[in-house]
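Two complexes follow with chain A in common, the first pairing it with chain B and the second with chain C.
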Partner chain A sequence: MLLDVRGLEAGYGPSKVLFGLDLVIAEGEVVTLLGRNGMGKSTTVKCLSGLLRPTAGEILFKGARIDRAPPHVIAHGGLGLVPEGRHIFANLTVRENLLMAAIRRGDRKDPWTFERVLDFFPRLAERLGNGGAQLSGGEQQMLAIGRALMTNPDLLVLDEATEGLAPLIRQQIWRKLEALKAMGLAMIVIDKELDALLGLADRHYVIEKGEIVWRGDSAALDADKTAQDAYLGV
Partner chain B sequence: MADNPPHPVRWRDALPPAILIATLAATPLVATAIGDPFLVKVATRVVIFSIAAVALNFVLGFGGLVSLCHAGLFGVGGYVVGVLAWHDFNAEPVWIFHGTSNLAISLPLAAMTSGLAAAAVGAISLRTSGPYFLMITLAFNQMLYYGAIALQKYGGEDGLQIMSDVSLGPFDVSNRYRFFYLALVVLSATLLLTGRFVRSRFGVALRAAAQNETRAIAVGIDPWVYRLVAFVISGALVGVAGALLAAGQQFVSPVDMSWDRSGDLVVMAVLGGIGVVWGPALGAAVFIVLELVLSSWTSHWQLAFGLLVVLIVVTLRGGLADLGRALAGARRMEAARG
Partner chain C sequence: MTPSLLIEQTLNGVQFGIMLFLMSAGLTLVFGIMNFINLAHGSLYMIGAFAGAATQAATGSFALAIVAAPIAAALAGLVLESALLRRFYGRDHLDQVLVTFGTILALNEATRILFGLTPLRMDLPSALAGHVEIIPGAPYPTFRLAILAVGLLVAASLYVIIMRTRLGMWVRAGASDRQIASAMGVNVPLVFAALFATGAALAGLAGVMAAPILSVQVGMGEPILILALVVTVIGGIGSIRGAFVAALLVGVVDTFARVLLTPALGGMAIFMTMAAILAFRPKGLFPAHG
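Let's look at the complex of A and B:
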């Protein structure tokens, strides 16, 4: 298993958010974390990326425990994050945003380089000298994904990657994620656009009040209207 | 590709520091023409404090760290030169080594000693942030200050007079003009070096961590390591400035290590502009000239000086380095109206 999360519990001070969450991801697999707002999706992402220390449970990434590792060590280990709200560096140019995140890893046959990221997102190549704050929402999202790719991840975690984007731009982002899947990159995707997620992902996890309450493949989720109504509010 | 400077040098960025260096380089010629050698003394002080302010700004403007111990590190550099020259003059070895008045030896030693002191200060201070960082660096500055006062063998509170003539290898640089140009070469090198660091991946990561630490950590950057390295580089450079001041005025004193001198360096940087490498050099020049001019008019010069600093910082958010951009903007508005 690429990622194996067992009995994960976490929260903020006295407020507990995750209550024994389990999930697994194989290499090259794309899974989604679904659920309504406030159910623990972003808290899970924070635990995976080391930004929040779990109170119980363990996270194994490529066979090694990472639930006590600092975030920069986790990023160097191959877990890339595209955070909610994009969080690009507004005072750095596109070029600087990308090159700053570059992590060279010797085990890559075809590593993500500056040129390869620009080939993947040609729009960024046209905006290299622009500051992060001068980009449109779609360009910022491309930059956030490009920056995560520069870390040469084995697993890419995307938290609300299409939130707040125009429909046309959302389609572009989904096409890029499909291309990444075709390249064999494992991903955890959190989003609200169920139709696109059903097409992209291999499996789905639904979180309700900090626990996994439903798991299955796209065909099962598409067919299970009860689960959709109960947990996803669609 | 990843090793290339993320932000290539543009001519329009290189022009202001080049003009600044050229203007300073012309000062001895003007001093000779008008027969006022005091001008060279002032220009030397400007150059030396420019080095210190540029060094401080490496961590202040690009690392987001307001350090109040840079005067202490400045003094450490000065005392290395002073102590080595004292041992040279008195023919008394420092442990097993001879003293020296040769800056080719004492300047690198000053940089190393200040850099080591900065590493010790930074390793502890950088575990904190914001007002705590400010207070810890202030405490370290006072420790260095009182440490210098405690050096009774080297003059204690009265400071240490450098009795021997300083040289740079085989060259005698005790001449005021030669020393000025030596300091100017060091300033040019400091601007080039810090500029290169700021444009490198290291500098970009430092700026990213200053903007948002959590975001930087999430892409694999350990801010503590980057900040510590920047703090050591900055400390070593400010130590070189202190060494030059000691060698230039043939005197080193704890007065230049007091915490208000650290404050002066912060004011120089902010006044000139912390967003560009050369801004603090401009700030140091304006600071020293204003200090000189205003103090000759009134003993309450600091009041007028404070008002001027407030006016400049409020009207020009990017400091004096922003003046050119502000004037260009005003001209554009004028043209649009007319």
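Let's look at the complex of A and C:
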């Protein structure tokens, strides 16, 4: 297993958010975390990337415990984060936002480099000297993904990567994620757009009130209208 | 005001500004990255001045004193950061103000015990003690020109490191969003310890450069700390460029206000400048946080 989460519990001070969450991801697999707002998806992401320390449970990444590791160690271990809200460094240029994240790994056949990320997102090549704050929402999102790719991750975690973007831009992002999947990159994708997710992902987890309440592959989720209504409907 | 006085006071103001920049650089980055208010930054300035004066007294060498001061301050900064201040990064600002204020009192008392209350003095070597005619009829102290040159050189190096190197990108990314920077692989605690030590060294350098002009005594760090805080706020917390511009502004405004206005009004000028700037730019001139 690439990622193995067992009995994860976490929260903010006295308020508990995750109540024993279990999930696994194999190499090259694309998995979604679904669920309504406030159910604990981003909290899970924060635990995975080391930004929030779990109160119980284990997270194994490539066989090693990372639930007590600091964020930079986890990033160097190969977990790439595209955070909710993008969080581009506003005081860095586009070029710097990419270069600051570069992590070289000896074991890659075809590593992500500055040039390769620009080939992947040609839009960014036109904006290299711009400050992060001067970009459109779509460009910021491409930059957030490109920045995570610069760390040469084995697992890419995308939290609401299409949120607030125009439909056309969303489509572009989905196509890029398809391309990354085709390259064999494992991903955890959190998003609202179920149709796109059904096409992209292998398996799905539905999280409700900090617990996994449904799990299955795309065909099963597509067929299970009851689950869709119960857990994802508005 | 005659042209030569104008030039002289402008140079004084710029030179004071450069010294303020050395003081503020560490303060603003530490505040910006770790959201940590370090009132004890002025004590590192004092430590630099005392280390310089003591080194000169012991060895007779001015050059050694200039080298010893930033090293002593950096070491003091590292010890302070790793033994005490690091524990307060996650705490609220009041806790930080209290612990660093306590640190000021402790360091002042320790300095009093070690060196006594009589101010120490630092003497200039003859090469720096004289005057240079910058324009005919306007002699200007060589040492002040040397401060200007060294300060500009340090400021330029710092600027290049912060704006042109990967380490600098990490520092700025950390200042903008510490958590996300660490999630992108930046070892923020390590970068921060290095930054703290560098900021301490610059404060120590400022202290030893001020030593031959002012007197070296217990409590000398506090007035300069207040000015450095003003510079940090005007420049925008976490911004090295902001600190540079604001330091020159404060240095020149303070110098001229003291020459042109009554002492009471002159002392207030920079605070009025700060209020005026914050009225239009509440986050300062170059805010690092979005």
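What we mean here is this: the second predicted complex is superposed on the first by the 233 of 234 C-alpha atoms of A that agree within 3 Å, B and C clash if a C-alpha of one lies under 4 Å from a C-alpha of the other, contacts with A are read in each partner's own complex, and residues count from 1 in each chain.
In the analysis below, contacts are C-beta pairs under 8 Å (C-beta built on N, C-alpha and C of every residue); 3 or more make two chains touch, one makes a residue touch a chain.
Keep in mind that what you see is a predicted model, and the values were worked out from it rather than measured.
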Label the relationship between chain B and chain C on chain A in the superposed model as either fit or clash. clash
Quick one: classify A:133 as touching chain B (first), chain C (second), both or neither. second
I'd like to know which partner A:49 touches here: chain B for first, chain C for second, both or neither. both
Touching A:83, do we find chain B (first), chain C (second), both, or neither? both
Go through the superposed model and pick first if A:100 touches only chain B, second if only chain C, both, or neither. both
Could you say whether A:72 touches chain B, chain C, both of them, or neither, answering first, second, both or neither? both
What is the shared patch of chain A, the residues that chain B and chain C both contact? 49-51, 70-72, 75-76, 81, 83, 87, 89-92, 96, 99-101, 103, 147-148, 151
Of all residues in chain C, which touch chain A in the complex? 166, 169-170, 172-173, 175-177, 179-189, 239, 288-290
Taking the touch rule as given, give the residues of chain B at its contact with chain A in the complex, in rising order. 1-2, 4, 6-7, 201, 204-205, 207-208, 211-212, 214-222
Residue ranges of chain A touching chain B (in the complex, touch as defined): 49-51, 70-72, 75-76, 81, 83, 87, 89-93, 95-96, 99-104, 113-115, 147-148, 150-151
Interfacial residue positions of chain A with respect to chain C in the complex: 49-51, 70-72, 74-76, 81, 83, 87, 89-92, 96-97, 99-101, 103, 133, 147-148, 151
